[in-house]
Structure formats: structure tokens, C-alpha cells
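Next, two complexes with chain A in common: one pairs it with chain B, the other with chain C.
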Partner chain A sequence: MPKLKLEMDVNGKRVSRSTAPHTRLLDFLRDDLNLTGTKEGCGAGECGTCSVFVDGKLVKSCLMPAAKANGAKVETIEGLAIPGDLTPVQKAFHKTGASQCGYCIPGMVMAATSALRENPSAGIEEIKERLGGNICRCTGYTKIFEAVELARDVIAGDLPVTALEEDAVGDSYIGTNVRRLDAPSKVSGRLKYAADMKMYDMLQVQILRSPHAHARIVSIDTSAAEAMEGVECVITAADVPGKDGYGVFVHDQPTLATGKVRYVGEAVAAVAAEDLLTARRAVAAIKVEYEELPGVYFAQDAQKQGAPIIHDYAPDNLVKHIPVRKGDVAAGFAAADLILEDDFSTQQVEHAYLEPEAGIAYVDPDDVVVVISPSQNISHHRHMLAEIIDKPINKVRFIMSPVGGGFGGKEDMIYQGILAICAMKTHRPVQLNFTREESILASAKRHPSKVHYKMGLTNDGRITAIEFSMLSDGGAYGMSSEGVMRKAAILSCGPYEVHNLKVDTTAVYTNNTPSGAFRTFGGMQAQFATESMMDMAAEALGMDPFAIRRVNMMKIGSKTHTQQELKTASLDRCLDAAEQSCRWEAGPPNVRGQVRGDMGGPDTRKPCTLGARFEGTDLEPDGTEKVA
Partner chain B sequence: MMDRKLKGRGIAACWYGIARTATIDRAGAWAEIDDGGTGKVVTGVTEIGEGILTVLAQVAAEEMGIRPDDVTIGDNDTARAPEAAHAGATRQTYMIGNSVALASREARNVLFAELADHWAVEVDTLKAFDGELWAVGTNLKITMSEAVAICKARGVVPVGSASFTAHGTGLDPVDGSGAPWQAYVFGTQVAEVEVDTYTGEVQVLGIWAAHDVGRAINPRGVEGQIEGGVVQGLGQALMEDYQTDKGHTTTHGFAKYILPTSLDIPQINCSIVEDPDPLTPLRAKGIGEPSLVPTAPAIMNAIYDAIGVRIKSLPATPEKIMQALRDREAAKQTEVA
Partner chain C sequence: MLTCDTYHMPTSLHDALALWAAAPQGSKLISGGTDILPWAREGREGDVHLPALIDVTRIPELGGHVISNGRVRLGARTVYQDFLTQGTLRLALPCMPYCAIWFADDQIREQATLAGNLVNASPVGDGTPAVVALNGEIELARLVDDEIVRRVVPVIDFIEGPGRTQIADDEIATAVILDAANGYGGSFQKVGLRRSLVISVACCAALVRTDRDGRVFEHVRLALGGVGPRPIRLERVEAALRGELVSRRLIKQVSELAADTVASRSRQEYRREVVVNFVRAALEEALENQPDVQVKFQDEGEMANA
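Presenting the complex of A and B:
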């Protein structure tokens, strides 16, 4: 392959390298110059984690061919401050707690730096707009806004430099705003995530994924891939040395598809090669013959008579059903003055951690198989991997690399087994970095759910009975479905003491992307329905929504839905705190928006009206519409 | 004719269980008060972005009498650290926090026993904080660095270890009865929204979030968890929607899978409620997951307050809002007819 000779000024140093013509500026910085502070989050210019300055302008380095930067002055996160020091922007991020997982933060610091370079007196609306091309999944942006405003004021001299220092401690470190100890490593781009790590003699792994939602694997021909120069191993299900199968509750998912595929994106084969390009070409050379099978794509179809069977062990496609019963539901409804019945649904949600899945595996000199990855559950993963590769527990070692966002999505062992087997086959370190598309395709989602709800109440707002039934699409594999159904059932009817209830939560197999653990673990799907019903009941009874919740709330001594007696309960205090802080104007939820007097306070933001600052629009500078 | 942009408010409450569900949870930790008056803590699993490293350093520092900056937390490594299970389930502050507290306390007790003997004072007169150790009621006061040196000169390395457990019982298979967690938290959120009735766009302008966390070890970190949870809840409420067609995703990147950005963010007003956990040394509970639970229903209730249509199917996209407004108009026309 011909090489391009590139010369540029990177962080004040003149660099000269030969690189492949397809190299992006991002790859040139990360792979050729080892400047891994610049992260790859999406490879499509949509997330901003790869932001750098080129000739002083903020650009997304994943969108720029390296050759386009030839002769340019490039500045990366590593070059903002001299090594060991931080800029005021970085110090402000440290001070306010603006970094959490930290993966978006180098790009966010670059965008913030750009904002203040372009306009040192930028107001909050302009700051928000200038950060609009950078996604953060952890922080909710609020502490980032605070950091940029703090940095602006310190740089302008409106606040002393000491404003960037840590708050003084009183007589205890408990309850003190100690600055995050990991923040300097994150705001400076120094922290190495799994994709940033390199080992000597390391191979790159790529995975062949299923193009079908449900199909029998007739044959796999890996000969052409194996014959390619630079390919060190090609593995399929036949190469799994031990008892295959993983999952958080039921071990129903194979490391590599065995006999058939059950969802689009399921791993079928993998290649380890000298470089990424060779690994991708080898994956493309693997020939798989499939026989397509009818699929199940809606949870309500999974248990119909004659539905395609997805796992032999579950002929009814049932992953888990959790029942909760308490009191006498029929008597409860008989005592009700009002009965409401409705249906609610929630969608599949992607975790969208900014760090795509990545990992390294190697076999150490003592024959220990080591996997380094951003796993949320290294303890369980080592148990499962020991079975899969047929090794004693102490010959399997998991190291948790810095996690660039998890939210439950990195509890599933969806690629660590592949890495381990490739390392054992080649006896060389191997690395696998997912693309964003691969991460979205292959990883678990929040369970989409449908809830049928029936609630009975007396005229004074007391709940007399609830019937709650939730059906969730578990997708192709069990993952965390059992636990999610359990938690959804336990929390279902909300923080209220309900004497008579009948709750059922059910997850079924389909041929959709698997559902798994996701922050709240079923709790939000269930309580979305309950909290909607509470407001609907309040409107029907003419009650204030805080009042109806106080009538029913759990207190000390209350029995939960699973009949556990509570020794503490704090909903009364939470309701009071929310009601007072928002200056709530009491009244029933009967569409009072236009007559309320409690809105638009100083504790709200202005609506976002892009374009308001441009002349000739029909908006005033403050965002309100001009009156003609 | 109604105004184009209408505002409204809604509330939602929530509850949540802390640590693993319906099982016996556990976490192990090792601690050492090290040379120079520093601390070393090793436990099986820590940071996924939520700030637990800093919380654990605060906990260890408080117990050892040193500064959080002086605490080193070892890597998460199944072959080099004791098991602490997993990073999830709103369990880290509760489970690992208490385990680190107990391990650090044991290390401190070893150090204190040596120093009490060295000074010939009662051990319960010893106090340590922020890098200094002293005997109450005396003029004996040294740095922790000196204290460790004295301890080691007596042939003792001040180390400790702990295993912490939280009990839960499995659910009865028939009626679901059981005590799945030993600690529960509660919360309430209020949302204020503006709905554009021409475009169906919903903007969340304010969130008031009141959450019980037991005891806030790092209040700013708690706010960060609330703000992050609220914005993930807002994303699910209004825009995020992973879609498939016969199992093939049609939302394969961030151009199609829409996430909240800086321009979507309401002013988030946090109220931290502290109802201490009576069963555990730290008295803290947790906040990671519960902060997300009430956001979407609070926003849906606020949309109803603004425009009188109830969205029961998430997310409340502009298309769904417009359809609901059209349906309501059609229903009104039918009534008139």
C-alpha cells in the first residue's frame, strides 16, 4: 500500500510520519502519535469525543482525513497545558465535578476551550450552543455548564484563581465536596481506556456478525480467511474449549453462535490478525451459509400457539414470569368508588455510553488468561469464562479497565470470551474495539414494556386495589431479564401502601436485539405507568397530585407490595422538599398550565430558540416572539 | 384560538431498593495505613463514572484519619483484590463503602492500639483526622506519618480487612412475598415544560428533584448522579427510541438514535434528603438509579397540564404530540356534531 508522508505541528512539536492514505486525523493522532486523549465515540462526527483544533478551529478529527491536516497546526487535549499542569478550563471541570466516566471529557474540554477562545465573555446560552456538538451521557451537562462559566469568570479576572481550588474541609470528610480524585486524569486525556492501551506484538480482532434475525447455520467456511497473510486465527463455536454459555441469570448465550443465530448482530466467527484492516478483510472472506427461520418480532406474538421456538429449553419462549400477590383484589375493587383502567408502553433504549465496548486479552507467563475490559461485573465474568475456556478460576483473571459509561450495558460478557479464545489460540495479546454501529447492534437495550393497569380508589383518594400486568420483550437472550422482571414486580405499584394487589411481570424471548440491565432495572418502566395513573386518578377525584400521593404513601411500619415491613420511609420528606422548592401551586391536575402562577421562576431556564440572535427573524433576542 | 406555546407542570414520585435484589449481597476490602501517613485500599470493583473512587477515598480517609488525596485505591482485578461483586444496582456506596469503612477502621484500630501502648494512654482517647493523630486531654499530637513509623518500629503493619453484607430474601414463587432489600430510598420530581403546539416539540425548562440518599458522602457527587439520571430520563421521555424492523435496527448511529445535548437541558434543582440508614456504619444509601425513575412520568404529567393530552407511550415525540392534539380536536368535533 502506498504511504503518504505527512508533516504537521502537533501540540507545538513538528512531527513527520508516513501513513496510509485512508488514515483519519483521529487515527493519525491515536495510532501514529500515541495521543490517545482524543477518543473515538462514533466515527461519524456525531458525538464530539474526537474534537481537536486544526489551525485554531475546532474540528471532529474522525471526519478529517489526516492528509487534509498536512502542514497544519494541530492542538489536542494533551497540548492544552504543559504536562502535569491543567488549564483554567480543566481545573474548573475538576472543581465542579464535570467529569464522570470521563470519556466525552477531552472532547468537551476542547469544545469549552474553543467557546471561550471564540468569545471570552460568552453567556450561558452561547456556551450551551457551542457545546451542542458534544454528547455527554453521564453528567446531565449541568456541572459542565457550571465549569465553563467558572473558567470564563476566572480567565476574565471576575473571580479569583482560588475559586478553582477545593472547598475547605470542616471536621469531617463525610459530607464534604471533595473534588473527584480521578478528574485530573480525565480532563487532561491521560487516562487510558481499553481502546487506548497497546501491548507489544498485539493482534487486532474483528467479529463476523449475523445478518439474520433467526437462521440455522448450515456451514461456515473459514479457509479463505485463514489463508490470508497476517491472519493468526479464525474462530467459530467449534473452537470453544469448555462448556459454552453466559448470561447474568441463565447462561443461554454462546460465545459464538452455535447451530443457529437468534438476532441480527450476533457474533458468528472472529478473526485475529496483524492489523485492523487485515482482520476486517478476513472477516469479509468468511463464508457462512444460513437457512432462514421464521422469527418472532413482537413480545405479544412470542407465546401464541405455533410461535417459532427460539431456544429449545424454552418451548413457550418464556424467560421469566414473576407474580406478586397481596390481600384480596376482588374485595379491593368492590370497595372502590372509582376504577381506572389503562395501558402504557415504553420503548427500547440504547445505553449510548460514549465508550464503545473494547478489550484486550493475553495469556501470561503462568498460563493465566487475562482479560482487560470495561466490564461492570468482573467477579461473575471470571466464573463464566472459567467454564467456557475450561480453566480453574485462578487461571482466569479479569481486570476492569476504566469504564467510559456503563449504565448496566457492560454487565453482559458479549465479547470477552472471544478475546480470551483468540489469545489462547495465538498466545499473543489481542485487542478488540467495537465501532459505534457494532455497539448499538450487538449490545443489550432497556426492556421495552407494555403495562396493563387497573386501579381502584375511594373518593378520598385511597387506593383500594391494583392489578398490574407487564409484558417485556427480552430479545434473543436472557441476559438480565429475570432480575429486571423481579425488580419491576417488586417496585411496580410505586411508593404507596396498597393492601390488595395482583402483579405479574413477564419477559419473553423474541428475535430482537437482546434486552438487559439498564439503570433502574425495570423500575422506571413500571413506575412510569403507576405515576401516570396517580395523576389520572387525582384529576378524576379533583385532588392535588401531591395530596393523593400523601394519602397513599408508604410510611414507617407500612407493608411493601412484597409484604416487607418498612423500618424507615422518607417519601413524606421528599414530597415536602419537592413541593416547597418548586413553589408548587396546589390544585388538581386538570390542565391548569395556562392559569398557573408558579411557572417561569428563576429556577427554570429559558426555552431554547435557536436563531433568536440573528436579525430579521421573528424572535426577540430573549427568545420571545415579536409581536407584529 | 389557543397560544402556540403552552407551559405546564407535573410531578412523579418513586422508590427504589439499594444493592442486589432478593439475595444476600456482599463485598470485601483490604486496607493499610501506609508510610507517610497515606492509605491503601484494595477492593474488587469500583469506578464506572459515578464517583465511587472519590467516595471510597473519603470514607477511608475519615476512618484512617488522613486526607482523601492521600488514599490510593488499588486496581479492580480478580487476581489481586478481594471480591466485591459488581458495579451496578445502586450498591457501590452501600456495599463497598461500608466494606472499605470497616476495613479501614480495623487498620486504624491496629495503629491506635500500638500508639496507645507507646504513649501509655487509653486507646479510646486517641483521635485522628486530616493527617494528624492525638490523645484527647493530653498535649500528645503527631502526624500520621510519624504514627505509622512508630507502629512499624514496633514490628506492626497497620492493616485491616472486611467483608460487608446486606441481607435480602428471595421472593416466594407463588405470592412474591419476601424482603428483597434491607434499605429503600424514595424521591419526588417536578417538571416544568413548554409545548409548541405547532411543531409538537416539548422543552423541559425546570426539574426539581428531591431524593433521599441516606447520608450524602459527597453532596456534589450526589447532584451529579441526580442530574445525569434526570437527563437520561428526559431522553427516554422525549427522544430516545431504538427501533428495529424484523429484527434489523433502523437506528444504527447517533444520527438516528437521538440523545439529549446541551441545548435540551432543563435547570435541575436538587434537594438532597438525608434519612440515614439505621443498619450500616456509613448510614448512606444510594442514588445512581432512582434519580432516573420519576423523570419521564413527571414530564408526561406536565405535558398533560400544558395541553391536556396524555402520552401513555414513550417517547413523547413531536409526531406523537401532534397526533394526540389532532385526535383530541377530532373528538371535540365529534362531540359538537
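Presenting the complex of A and C:
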């Protein structure tokens, strides 16, 4: 295809390059100019990791063909300050701890810079509004907003420049605002994530994924893909050199689908080619014949008589059952004045870290297979990969690249094996960058869970017995299910002293996207049920929700659900602090009137509105702003 | 992934029309590009290869705006952010700033054009109800014997269904022509899954003008989006208010008329409830947003708990 000649001013330098006619401005900056501070988080304008200025206007470079910037003045994160320096906005992000994983931060700094350029005296609501196109998954935004307000005040001269410097440390670091060491590399866009790294002669990998939830692979024809110019290798399960199988607990997942596919999105084949477009076209040319199999789509169906078997090793579709027993449950319920019984369900959740999965692999001159990726579990990955590629452990190396958000979702080795095999086949460095859609399709999710709950209480609010039964959808592969079930069981009945309990947590195989590790690791699903039950019990007994928790809370000397004796306990102080800071009005949950004194205070979250920028900008009849 | 053989950036309307008329089958026009790039991704169209993309944003004739004879002519390059930053447009098109602030985000608004939004003809396009409330028309141009020939179509007729419009294969949208509604109060209501960057489940645009004392409805314009395949103008509600005393009771009562307009395929019951509340909120907000008029609700105080 004919190339497009583009000329523009990028960060004050005149650049001129020929590029493909469809190149996006994002690709032009990252691939042609090596300005990788601008990130790709979604490719669809949703996340803001790619925000740049074009002729002074902030835009999303993933939605802009590079041709549109021909002749324009482009400013990226790299061009905000001179090398070695930071702008007040960048310094403020450093000061307040606004950068965590850092992947959203270049875009966030650009949006903050734009907000203060458009309105140097923007209030907090307008700042929030102007940052609305940029997503962060680590911070909850509070520290980012603090940074923008700090930068605004310093730029306006309302605060001294020294306000951007680190706070002095007194007797202890505890209670002191200490700046993160890695923040300058993130606010300046200099930190290289796996997708930002380039190696000489590197190939691009793309993966063919299953369109079926459960199907036998009848045949795979890779001949057309292999015949394409620029394709260096096409791999399937047949190319795995060693004993295949990975997983955090049970090694039940193949590097590439073997014999059958078990969920929509499972990797079936992969291509390494000279460039991304060739790799994508080659993947589209692979022909797979499937024979669809009946599937299991609801956890409650997995263990029914005659349910389809998903893994041969687990004919009952059981991933893991964790039982916990303590005391005498029958006696506990017999002693209760009130027995409550209810069901709770929680849904599948995607981590949606801003950095989609990415990685590089190569074989070094000593035949060491090296994988660079934002893995949250590199030592375990290294051991598993050694078996999969049939190499001694000293010939396998994992390098952990900066993790642009993980939250548990990057614990699973869902692509590193593919990279390693492609590198071994081609003896060239290979890189794979997931698209956002691919990341959502293929990576683990939070376990959807159903909890059946039975709680016995005396009239004074003391819990006499609990029966807690959780059924979780583990999806197609085991991943972290076993650990998640263990944690859910340990935390099941909450921080309350319960002498008689019967707890069962179970994860089963289905043909849904695999469930895995996700912040709280099973605790959230259990606590949603337990804390809801506590509030419902308070209502039924006419008690204050704080009071019923104090009656039951674990104290020093209490035994946990798994019989550990506590040497320290702080729930009393937690409850006191929570009660005080929310200005709680004492009483049962259901007896308040329409107006509550503890709602709508200065520290409560207001409903979302937009239009803060209209405030105080009345217009004259000619359309100019009225000057007060 | 969107790929193409050629990317054209014509710098005159004539050149653009000539390129477009001669473009190979499957070529596309591109304006802001904020919809076409996400369209060519997994889950929607997947990887798409086009013979040619013809970019219409460097055509000088499509820029700027002119206000004359009670109408505003917006060049097709007009982007959503212009309704927030350009004072003359904010005054003449009082529902557009509220529509724009709920549209995508500041960055996408710098690229996304109103004309592109109308030509895409999504049933949930935010611009459509606002334009319909402003008695909007779209101007289309084509080449006949190498001469530029233009026609103007009311937007309410132009959009025939999801993704379907009256634009001909060789035409390019060149302008959007709207009533200059200076003095009206404007409002825009929208519900989606979050605040920024969200497509409407339903939306409602309103324009209201009372007498100078703020007691009598003189003109009311209401339009809905997201509740059916085509844009909807709420003429029954408008007629029921014209000449009536402003009261919260009347607003509540006429808002109920909007429920029966819901004809979308999904979530009908939800949308029926939403549009009734939207019409009520839109009318009340548009009343309050009138410049230099203090509204007097006839039944002020009585309806506090309604």
C-alpha cells in the first residue's frame, strides 16, 4: 500500500516520516517516533492513556488517524518539561502520591495540564469533569484530584513552590507524606512497560482464540497462514516441547488448547510475523474445525447428574471444596431465639487494569529462554515454564516488567508460554500486546458466587450458630480457585466470634471465562453476605448495627473460625472510628425518618452532575463572557 | 483494526465530492473519526480494510458558522466542544451546551462533529434530539455535471432508522441548519451507565420560553432520543403547555404523555419511567435556565412533597 508522508512539529522538533495511510497518531508516536510515554489502554477512546495535545487541544490519539495531525503541533508527555525537569503538575503528582501503577499517569498528567490551561482557576468539580475522559484503577482518583488542586494553587501563586517539595520527616515515617521513589519515571512517561519495549529484529505475535465455549478440535489447518510472506512461525498445541499445563494450584490449563476448547477466548494457535498486521491476517487465515459439545454455564448445574465433564481428571467438575467445622451447629441453632436464612449472589468482575497484558520473549546466546512480562508471580511461572518447554530451570529466566495494574489478574501464565515457544521456534525476539478486548476475553475474573446463609441469634444480638455455604463458578480452568475458596472459608463469617459454625466453600468447573485471583481473594463475596446478614439481624432484633457488631466482635483471646487464638484485635477501635467519622445516628436500620443527620455531610459523596464550568460564566448578548 | 489503501485529505468541497463520487466500492468518509475507529474492533466489525478513507475536516467551506434570519448555519466541521467554548453558539442554541457536556468527554468533543453524529444515525445519538428540538435541517451536497448541487432535509425526516438516513451514495453532509433560539432556556437529560464516555440509554432535549414575567409558557420544544428507531418530537406535550400558566402540577401531568412514545425494542418499562421523569426534569431545568427571566410557579409550595 502507498505510504503517507507526514510532517509535524512534535515536542518542538520538526519530524517527517512516511507511514502507512491508516496509521493512528498513537502508532505514529509510539512506533515511528519511539515516544512510548503515550500508552494504549483500550484503542477505543474510553481510557485516556493516549491523550496528547494537537494544536493545543487535548485529544485521544487512538481515535485520530495520524494524517489528521499532518502539519500540526503535537505535544506529548515527553515534551511537557525539558529533560531532567518536571512541570508543577508532574511534581504535584509526585508529591501527593497520585501515581501508583503509573499506566494511566501520562494521560492523566496531560488531562490535568489541559484542565489548568483551559481554566487556571478551575474548582474541584470542574477538574473532575475535565478529567472525565481518563480512567485510573488504582487510586480511586482522590490523590490525583489533590495533585491537580495543588498544582493549580502553585501555578497561581496561591501556594509557594516549596509546597511541591517532599514533607520533612520528623521522628517517624509513619504519619508522614513520603514520596514514591518511582513516581518521577511515571509522571514523565519515561518508565517502559512491556509494550513500550522494543528489541532489534523483533516479531509480533497474535493469537487465534476459540469462538466456542466447549468444543472438540477436529483439525487445525495452518498451511495458508504459514505460506504468507512475513510469517515466521505458526504454533499449536503440537508445538509444545515438554509436559504442558499451568495453573496457580492445579496445572490444568494448556499453553494452547489441546484436544478441545473449554471457554470462549481460549488460545488455540499463535502466529509470529514481521509486523502486527501480517500476524493478524495470518491468524485470520488459520482454519479450525470444531465439533461443539454440550457445555456447563451455571455453577449450580456443574455437579448435576449427567452434567458434561469439562476435565477428564475431575469427573464431578469439582475444582475444590473447603470445609470448616467448629463447635456444635445443631446445639447453637437450638439455643437461638431467632434464625435468619437468606441467599446472596455476586457477579463476575473484570480487573480492567489500564495496562493490557503484554510481553517479550527471546532466546539469549547461552540458550536461556527469557520472558519479560508484567507477571505477578514470576518465580512460579519460571518453574512451570521450565516443564512446559522441557528446559532445566537455569535455562529459563523471567523478568518482571513494570505492572500497569494487576489486582490479581496477572497471576496466571496465560500467554508467557506462547511467547517462549515462538521465540524458541524463530530464534528472534517476539512481542505480544493484548488488545483491551482480548484482555477482557481471556484473563481471569472475580468468582461469581452464591452464598446460602443461616444465622442463629439470641434476643440480645449474640450469634449462636452459622451455616455458610458458598458455590463459586470457577470457569474453565482452576487458576487460583483453590486459594480463593480457602480464603473465602477462612473469612466467611466475618470478624465475629462464632462458637458453632459449619462453613463450606466450593468452586466448580464451567465453560465460562476462568475465575481467578482478584483483590480480597474471595473475602468480598463472603463479607457481602455476612455484613448484609448482620444488618438484617439488627433490623429484626431492633438493634443498632454498630451495637450488634460490638456484641459479636472478635477480641483479644477470641478464637477465629479456624481456631486461631488472637493475641491482638482492633475491631473495637475500627467500629469507634467508623461510627464517629460517619456521624452515625444510633438506632436500628429501619427506624429513621426521611431526613437523616448523618447523610449529605461535607465528607459524603454527592450525586454526579456535569456542567460545573457553566457556573459563573454568564454571557453578554454578543456571546462574550460577562466580567464581574 | 482499521486499515486502508489510501487516505485522502481534500482541501476543497469540489475535490472531496469528486473523490467521493469516484471512490471504489466500500470506501468511507471520515470526519472526527471517533466512531469509525472503535467500529473496526473486536466485538463490532472486527478488522476492516477499506479501499479509501476520505477525510472531510480540511475543507474550508465546511468550517465556521453563520447566524442570519433566525437560523444558525453550522459548517459540518463544527465539533461538540464548540457548543461549550463559543459564546455565540451557547446563546443561540441553548440546549446544545447541556447536550455537549454530557457527550463523551472534553477530548472526544474536540474531534467529534455534530454532522457526523447525525449521519451515523444511531438511535441513541445525543445530538439528534437536541437538533430536532431546534427544528434542525441537514444540508447535503453532490456533484452534478461537475457543479456542486445542494439540498436541505429536515433531520426528523433525514434519519429513517438505526444507521439509515436519506443521504445518497455520492452526497456529503456540508452543514447543519438550526433555529436561533436566543432567549430560550435549554436543557438536556441523559441516562447511561456512568457520567463521562457513555452512550445514552435515553435522552431528552428541551427548549422553553415564557413571558417576561415567567408566568406563562409561550414556546416549548421537546425531543427524545434512545426510545425508538427514529427521533421523536413531543408535539402533544408542547401543545398542552402552550399558553398555559407555569405550574409544577401541569408539568408533572403533561410529562405522563411522553410514556406512550417509547417504541424501543429493549427495556421498555424502564424507558417509559425514565422519559416521563426526563420530560419533567427537562422542562423544570429549561425554565430555570432562561436568561433574565425569574420563573413563577403558580402552585409554588404546594408541590414540595410531590
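Note that in this section the second predicted complex is superposed on the first by the 599 of 628 C-alpha atoms of A that agree within 3 Å, B and C clash if a C-alpha of one lies under 4 Å from a C-alpha of the other, contacts with A are read in each partner's own complex, and residues count from 1 in each chain.
Methods note: a contact is a pair of C-beta atoms (placed from the backbone, for glycine too) under 8 Å apart; a residue touches a chain by one contact, two chains touch by 3 or more.
Every value quoted in this text rests on a predicted model; they were computed, and no experiment measured them.
Novice: Could you look at A:20 and tell me whether it touches chain B, chain C, both or neither (first, second, both, neither)?
Specialist: Second partner only.
Novice: Which partner chains sit in contact with A:51 here, chain B, chain C, both or neither? Use first/second/both/neither.
Specialist: Second partner only, chain C.
Novice: Could you look at A:68 and tell me whether it touches chain B, chain C, both or neither (first, second, both, neither)?
Specialist: A:68 contacts chain C only, not chain B.
Novice: Figure out whether A:400 sits in contact with chain B (first) or chain C (second), or with both, or with neither.
Specialist: first
Novice: Looking at the overlay, what does A:603 touch: chain B (first), chain C (second), both, or neither?
Specialist: First partner only.
Novice: Which holds for A:578: it touches chain B only (first), chain C only (second), both, or neither?
Specialist: After superposition on chain A, A:578 lies in contact with chain B alone.
Novice: Which partner does A:487 reach: the first (chain B), the second (chain C), both, or neither?
Specialist: Only chain B; A:487 stays clear of chain C.
Novice: Which chain, chain B or chain C, ends up touching more residues of chain A in the combined arrangement?
Specialist: Counting contacted residues of chain A, the larger count belongs to B.
Novice: Is A:277 touching anything from chain B or chain C once the two structures are fitted on A? First, second, both or neither.
Specialist: After superposing on A, A:277 lies in contact with chain C but is clear of chain B.
Novice: Check the residue A:60 against both partner chains and state whether it touches chain B (first), chain C (second), both, or neither.
Specialist: In the superposition, A:60 contacts chain C only.
Novice: Can you pull the chain A residues that chain B and chain C both touch?
Specialist: Common to the two interfaces on chain A: residues 44, 46, 129, 132-133, 437, 441, 608, 610, 625.
Novice: Hey, which residues of chain A end up touching chain C in the complex?
Specialist: Contact set of chain A toward chain C: 1-2, 4, 20-22, 24, 43-46, 48, 51, 57-60, 62-65, 67-68, 70, 111, 114, 129-130, 132-133, 276-277, 280-281, 284, 435, 437-438, 441, 608, 610-611, 613-614, 619-625.
Novice: With touch defined as at the start, can you tell me which chain C residues reach chain A in the complex?
Specialist: 1-7, 9, 30, 32-34, 37-38, 41-43, 47, 53, 55, 57, 81, 84, 86-91, 97-98, 101-102, 104-108, 110-111, 195-197
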